[in-house]
Each structure stands twice: as structure tokens, then as C-alpha cells.
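One chain, chain A, appears in both complexes that follow, with chain B as partner in the first and chain C in the second.
Showing the complex of A and B:
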């Protein structure tokens, strides 16, 4: 192959992005990963807004991971305003996060990444040959969305979350009614792990620095300290000192590096590698059942990590749904005061950091949102450079697919893209 | 706002579903949402019929299938991009959509056409027998912007078109 590769719109990626690989004398000369990412817009958009509007606005950043944007933002604002939530609220937020993990992971595993691994152009062609597999994926995803809707009021952009708790408790009966479906989902996710183990993954391993939240008492998704596979553990309050964002001219997304200018990797692989022992027992047993060996250093095997997290999330959801019996008010009354706060949670795609400054009227004076995909950009580019010398020897179409597959395995959430129907196919 | 409009995922049984699609934070991408809202305001009695279901869905992705389940006839109203003048109204049947399968200008890899194809491919039983798409040509899709004036002007026409489809569907049922 001796042509440049230009992929104007990355298919099966959350949002909009483009990739250009320029060759010179047959060798890779330039790699441009161009991302159209809007959280920066939201940082400006939030300025001057009332603090209680923030979770509903930030939820709009993504149609797939709105809960993550809500969870990081409410925690940051609760810290800024000195609010402590009740244990029942925390548990319901965990359950809401399970819902998002179920719908998001089911989507990515089966409908976004699997077609690459089993050699189909899309989930539509996969569905032609393996309809039951795709039906199972859709059912799993629907169960996640149903749980999300029951707690959050809507299945795409939930609205029930507020700073201090939830606007109202979902009814106990409505939550309990979902238990049989969640039990089905647990079994389906165990089967998903077994199926994931049978897939053939490209041979590609790197010595990544993995970064994820970590807690002593649970598999950290809702909150935790920030742990790196290089051994560094920091408080979320120090995140911006250790993980630095820089502007990249070709992209409206910032790219993150560690303080010593290294790349790092957030997401399911990072969580699994750093927190395996904290997984629910059934998830660990399932992982052992497929002979899982850690650390997993192959980005394509993020699919296996997602599948194991799917088991964890379904099992936790069954327990939390069965135990759901909220007491007392669903939210804390808030006394407005000026302050600053940080909130970090694990979006399905990785660590999501928010920081806000609130003034004496409760208006947002500063917002910082660092999404997982921005943190992975530099690592994605580094991986493209590693992969490129071999791939550019392939025929053009095959080469494009190889690059796209690598990027898709990261499950990049370029988020909040328009979704209008393209009536002209530009290829 | 009508109580039944609460976003994606309503699993109520209805003969006719009117679904506005879009992204309210991206300029003209909100056209479908605005048009359906306007139709509900202008034709409230019709919108409140028990056999008529209305949903506004922002980025439902593949969740659109769940929204469509249980309907006999569905009207999707969405912004489109074809190079025509902003505000131009396109009427598309499902078969016309199929030729646009490859458009990955859709968030989350799942546009309307692809999602419907997947649903039909899997022969999901309770998808609508008949479906039409009203496409509204988008001009700008900038974050945080309002609708373009041309798109704004087309909204009453689209509301009337929705009403024509709904009335015809009720009569034919």
C-alpha cells in the first residue's frame, strides 16, 4: 500500500472522529487522530448556571454514559456545598450506575466491537448469521435501559439525579419487578464472558500505565482514590497536578498526559487489572473459568474486561434491587455557600473527573470536565504509531479496518455528536 | 408539556407512534424534536388519543427499536443532511432509508437507518408494519445554537404533515 489513509468518519465509535495516516516513501510520516469532542463547550455552557442544573446538563454530553456525567458532577457539587448524602442515596446511585454499565457494555461488546473480531462489517451483517447472539445483546441492553428508566425517569438522559440525592425515590415495586430480568442478565453476561474467551484477538501488547479508581471495600466505580499501575495513589483532589491536559491544535479535545509526560490508559482494562480482587465473587469465578491471566495488556481484550464487568454489574444490581427499601427523604436540603469541589467516578469508558467552583448564589463560576476518552487519546495515538508500520503494508481497505478496529477497541466516547441522518455517503 | 412525552423507552402499547429524534444542544439537529412538540401543541386532542403515542428521543441509538415496539404505524421526525436547502422537508419511506445504511454520521454508530435495518434483520416481531420518516434538512449543527430561521419556518408545515399522516393512519385502521 502506498497511499495515505484517510478515515473521515470512524464508524461504530461513540460520536464523531476522523483519522488520517500520511505516508512518505512507504513509511508512516504522520498520524492525525482528529476528534470532535464537546465537553469543552459544556465547561463554558455551565458558566453562570445554577448548580442544581448541572447534572441534567452534563447528562446531555453522552447518550450512552449520561449517568457517569451525573455521578461525577453531583459528587463534585456535593463536595463544594458540604453536603453528605445518605447511605440509601449512595446505594441507589450505585444501582443506577449498574444500569449504565449493563446498557453501555452490552452495546460495545456485541454491537460495536464484536463485528471486528468475528469478521463482519457491522452488527447488521453479524445479525444475519448470528441472530440469537445479537438478540441477546439487544435484550441485555434493554434491561440496562429499563433499570435506568425506572430510577432516572428516562431511558436515555435520566433526570431524577440531583445534588443531594434524587428528586424522588423510585417505587420499591418497580425496582423489584426488574429482578427477574436482572437475574437473566446475570446468566447472559456469564455466557458473554465464555463467548468472549472464544474470540480471536489481534496479537498486540503494550506496557501501559493503567489508571483507575480504587477502594478497599468495593470494585470502585462510584468513587475512590486514583491508583496507577506504576504504584502511585493520589486523592481525587490532586488529579490535575498529576494528570495534565494540553491543547492539541488539530483537535478540539484536550489530550492528557501524566505529570512526567507519559501516556496512560483508563477504562475497563485498567479497572480490571488494578481492582480484580474487588470484583463480586461470581465475576471472579467466571474469570477463573475462562483461565483469565492478569494483567491484560492487549487493548482488544478490553472486550473481555467489559464482559467480566457486565457479570459484576448484573450481580450487584440483583443484590441492590433486592435490598432496595429507601428510608427518609430522597435528598438533602442544601444551604448554598461558595465553595469548590471535585468528583470522580468510573464511566464505562474510564475515569471521569469534574471540578466546579460555586459562588454565594449557587451559580457555577468554573467547570472542568476531563472525560475518559481525552485521557486515552495520547495512548491511542501511541498505539497507532506502534501498529502502523505493519498495517500500512496491508491493502488500503484492510489497513483502514485494522486502524479502526484498534480505535474501536478503546470504546472512544467522542460523545454528544449530532446523530442526523447522512443522506450522502462520503467514502 | 404532555405527560406522555418523557423521552425514549416508553413501552406503552399504541397503534401510532410519533417519535421526534435529535439532539437539543446541536442547532438544527433539534428540528425533529421541535416539530413534534409543535404538533402536540397544535393538535393536542389528537396527541392525547389513547391509540396515539408521542416520544421525544435524544440520541436513542439502538434504543429506538424499543421505542418502536408495539406500534402498527410509526412516524419518525428527524433532521437530515442531504445538501438541500435548510428547512427542506423530505418524506422518506423505510425502503428509501435502506440505501443510506452506511452513513456513520450517526452518534454511537447507530443511526435511524441502521437501527431499523437491524430490527428488520432480526425480524423483531412487534416492530411497526409501516413507518415513515419526515426529514428536515438541517443547516447548522453548532453546539448551543438555536434552530436556523429556515428550519424554524418549516416547523408549522411539518406539524401539518405529521397531522396528515396521523389522520390518515387513524382513518385507515
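Showing the complex of A and C:
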């Protein structure tokens, strides 16, 4: 094949991007991952806002993972304001995060990535031939959304999260009523892992540097230290020293590198590889059941990692929903003081870092948000370069699909990655 | 008879309103039985050629490319429906429209030549004729189904425009302004969300935009005495639906914020 490959609009990803592979004398000469999703300047809007507006505003960076944005922002602001949340608030936040993992992972596994693995252009077409599979996927996704709605009021941009806790405790009856559905979802997730193990994945392994949150006592999603597969462990407070963002031409998103200019990989594969032992027992048993060997170094197999995390999230959700019996007020009264704080959590797509400076009136003076997809861009490009020489020998349509599938397997959230730009202001 | 074709487009936005379509888990397979999803990048790779019967547009116009693209989309669609706060009023990102330092910020990007962005975020209706507007951040997915059904049945969609306040009264939800002394935009905000914020014990922040014909002066006079900190009411107005004229004008009538948003600098 001697033609350039141009994919003007990537399908089945969140947000907008294009990919061009230019050939010269049959060899790959240039790879352009063009992120044309427009920037929306969230860090600018946050400047001057009252701290309690922040979780409502940052949720709007991403319609698919608003909870992650709310969780990283409230933790950063609670650190800045010296607020300690109650154990019941932490548990309800974990349950809320489980809900987002269930809906987001079900969406990506079945509606966004799986069509590539089973040879369909979409789950809509797949539904014509495998209606039960797609119905199961939609039911699983719906259970996540129902839990989100019960805690947060609605599934996209929930309204109940505040700095200090929740505006109101959801009723015990409403949460408990979801348990049978969550138990069904747990079984459906186990089936999802078994099904995922039967799919044929492209042969592609790389020696990645995986980076994810890590905790001694749990599979780190809500909070943790930052651990790299190269052995480096840092406090979230030092994140910006070790992981550096730069602006890149042809892209409205920033790209992150490690301090020594290496690429790194965040997301479900990173979490699974680094934190496998902390998974819920049923998730580990399910993984053993399919003969899973770690580390998983094939980005396409992120789907298997997501499926295992689905099992974990459903099982944890069942336990937290059964134990839900909140005591005392749903939020801490906040005494405003000037300060600075960092918050990190694991969005379904990977590490999400927030840092804010608050002044004596409770107004935001500085905001920095580093989303997972911006951290993965450099790695995605590196993978495209590795993959390209073999793929460009394929016929045009097949080659396009191969490149698209690689990008989709990363579950890129382009809307998130272009929420802002890093600007230098000279005064 | 051929099924009506529907195209779903994204402009500057968070994807949340498109996701609301995929969140119609119980209805999605029936929906794709009744309509042809001819263009919906987030959901499918297959693209049917234009023209389309219905275009659903998410997001606001913030780049020169988007300003051109919406013209093309309008030409290709019989009926154009904006879905959500961004497409209908410019969205949260319209906060850049009133930013004082906008020109400065644009002038001092590290690499401004890499950027192609407009100084404003504008609703679709400022660029082309819009047939129906759905408010909300995100849209109410059942309102979206109602619009599609109405178009299929060749009738006008039933989209109520009364205020959130009335919904609270009907449902017997204690008024957060009266009982908790918390500012709430419910008296001025269009129905549609299901009274989420008052039901969760907090004030409404206007996701569904202004209810038509509400007297903003009276609303501001009601809210001023319950502000818990200076600028709280302005913060509600300058949030999701900040560029909707009724909210924008009401915000402009209040004292300015102590720190101006910078429209982009961090």
C-alpha cells in the first residue's frame, strides 16, 4: 500500500480527533494525531469562583466521568481548607465511584471497544445479530447509572457532591433497593470477564511504564500515593515535579511526560498490574479462572482489565450498599481559610490530578487539572509508531481499523484532555 | 417506508448530552428500530450520506471551524434540534465572553499559533435557524425522546416552560429559600431536571436556563437577603446558563465579582 491513511474523525471515542499517517517510499514518514476538540478553558473559569462551586463546574469537563472530576476536586479543596470528612462520607463517595466505574466500563467494553474485536462497526449493528449480549450490556450500564442517580440525583453531572461531604444522605431504603440489581450486575460482570477472555486480541506488547494510585488497604480508586511500575512511589503533592505537561502543535490537548522525558501509561491496565493483590477476592478468583497472567502489556487487553474492575466494583458496591447506614451530618461545616491542596483519584480512564489555591474569602486563585487522557497521549503516539510499519502494509480499510482500534482501546476522553490549555501570562 | 434519519453532532461540549442518548438503556433498541442513526460518531463508525431528517446538535460554537461547520449541517438537515445548555445558550464555557483579560490571555499563549479558537462561545441559534431547543446540563433524556416522537408523529413536542419553583410546590418539597435560607434559582429556572437540587437540600443553579417571562427583578429581590456570602447569587447566575440573556442581564445588574475570571489563564 502506498497511500497515506487519513481518518478524519475517530468514531466510538469521547470527543473529537483525527489521525493521519503519511508514507514516503512505502515507509511511515509522519504520524499526526490531531486533537481538534476545542479547548474550553476551565481553569480560567474557576479563577475567582467560590470553592463550593468547583465540583459542579469541574463535572462539566466530562459527561462520561463527572464523578471523577468531583472526587478529585473535593479532595483537593478539603485539603486546602483543612477539612476531614467522616468515614460515612468516604464510604458513600466510594459507592458513588463504583457507580461511575460500572456505567463507564460497561459503556467502553461493550459499546466502544468490543465492536472492533467482534467485527462490527457499532453495538447498534451488533444488536441485530447478538441482541442478548447488547441487552445485557445496556442493563449493566443502567444499573451503574441507577446507583449514580440514587446517590447523586442524576447520572450525568450529579448534584449531591459538595466540599465536606454530600448535600443530603440518600435514603437507606433507596440504596438498599438497588442491592438485587447490583448482585445481578456482579454475575453479569463475571460473565463479561469470561466472554472477554474468549476474544482474539491483536498481538502487541510493549514495555510500558504504568502509573496508578496505590494504597496498602484497598484497590486505590478514591485516593492513594502515586506508584510507577519502574518502582517510583511519590506523594500526590509531588506529582507536578515528576509528571510534566507540554503543549504540542496540531493538538488542543497537552501531552504529559515523566520528568526524564519518557512516556507513561495510566488507566485500567496500570491499576490492574500495580494493584492486583488489592482487588476484591471475587475479582481475583475470576481473573484466575481465565488464567490471567500479569503483567498485561497489551493495550487492547485493557478490555479484560476493565471487565475485572467491573467485577471488583460491583462486589464492592454490594457490600457498601448493604452496609449503608449513615450517622450524623452529611457534610462538615467549613471554616474558610487560605490554603492550597492537591486531590488525586482514579477516573475510569486513569489518574486525575487537581490542585487549587483558595484565598481568605474562599475564592479560587489558582487551578490545575491534569486528566488521564492528556497523560496517555504521548504513549498512544509512541504505540502508533510501533504499530505503523506492519499496519501500513495492510489494505487501506483494514489499516484504518487497526489504528482506530489501538486508539479506542486506550478509551481516550478527548473532551477531558482539552478542557484547558497551559498558558503563561506575563504581567 | 424509509425510517427517518437522525444525525448527532458534537461542538464544544463535554459529551454528556450525547451520552444521554446512550443512557436510554431501556429505550435504545426500540429507538434504533424506529429511526435510522445515520451519523453518530460517539456510537458508531458507519456514516450514512446526508441529507438527514433530524440533526441533534450538542455543544456551542467556539472555533472558526465550528462556525463554518454548523452552516453545512443546517443545509443537510430538515429539522435541527439543539440538545443541552451549550448548544442552546453557549454553556459554561460562555464565561469567556465576559472575561476582561480575554484579549491579553489570547495574546500571551505559550504557542498561540497552535490554537484556533474564538473569543466567544455562542449558541447554535446565533449562527443558523434552530427548530427546537432542549435546555439542560445535561438534557432530560425523556424530553429528547418526546422531541423525536413528536417529529415522527408530525406534531409539536410538549416541552413545559414553567419554573422549577412550581414543581417544588406540586411535589411538596420544602422551599430551600424559606426553610434553609439558601439562595435558589428555582423561581427563575425552567422545569426539566426533576427538581434535583431542592430535593437534595440545596439551591438550584440554573442548568435548564431561564423560564420564559419570569420577573428577574423580583427573583433577585427575594434572593438578596439570603445570600450567605457576597456574590452568591451572581455565582448562580454566572454558572451553566450564564449566557442566556435573562441570566446574563440579571448578573450584570449585580455588583461585579471581586476577582474577574480570566477566560483562560491559569
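Operating definition for what follows: the second predicted complex is superposed on the first by the 410 of 427 C-alpha atoms of A that agree within 3 Å, B and C clash if a C-alpha of one lies under 4 Å from a C-alpha of the other, contacts with A are read in each partner's own complex, and residues count from 1 in each chain.
Criterion: contacts are C-beta pairs under 8 Å (C-beta built on N, C-alpha and C of every residue); 3 or more make two chains touch, one makes a residue touch a chain.
Predicted model only: the values in this text are computed from it and were never measured.
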With both complexes overlaid on chain A, does A:56 touch chain B (first), chain C (second), both or neither? second
So, A:365: does it touch chain B (first), chain C (second), both, or neither? second
Once chain A of both complexes is superposed, is A:293 in touch with chain B (first), chain C (second), both, or neither? neither
First, second, both or neither for A:241, with chain B first and chain C second: neither
Can A:24 be said to touch chain B (first), chain C (second), both, or neither? neither
Based on the superposed arrangement, let me know which partner A:277 touches: chain B (first), chain C (second), both, or neither? neither
First (chain B), second (chain C), both or neither: which does A:139 touch? second
Is the number of chain A residues in contact higher for chain B or for chain C? C
Under the stated touch criterion, which partner chain does A:131 make contact with: chain B (first), chain C (second), both, or neither? both
Footprint overlap on chain A, where chain B in one structure and chain C in the other make contact: 9-16, 38, 41, 45, 60, 63-64, 107, 111, 122-124, 127, 131, 134-135, 138, 141-142, 145, 153-157, 415, 420-425
Taking the complex as given, what residues does chain A use to touch chain B? 9-16, 38, 41, 45, 60, 63-64, 107, 111-112, 122-124, 127-128, 131, 134-135, 138, 141-142, 145-146, 149, 153-157, 415-425, 427
Which positions of chain B touch chain A when the two form their complex? 6-9, 21-26, 29, 57-63, 65-66, 78-83, 90, 97, 100-114, 117-118, 121-124, 133, 135, 138, 141, 143-144
Residues of chain A touching chain C in the complex: 9-16, 36-41, 43-45, 47-50, 53, 56-57, 60-64, 66, 103, 107, 111, 115, 121-125, 127, 131, 134-135, 138-139, 141-142, 145, 153-157, 159-160, 162, 167-168, 247-252, 361-363, 365-368, 404, 413, 415, 420-426
So, in the complex, the side of chain C touching chain A is made of residues 10-20, 22-23, 25-26, 28-29, 32, 37, 41-46, 62-63, 65-66, 91-93, 95-96, 99, 104-105, 108-111, 114-115, 117, 121, 137-138, 193-194, 196-197, 199-202, 205, 207, 229, 231-232, 235, 239-240, 257-266
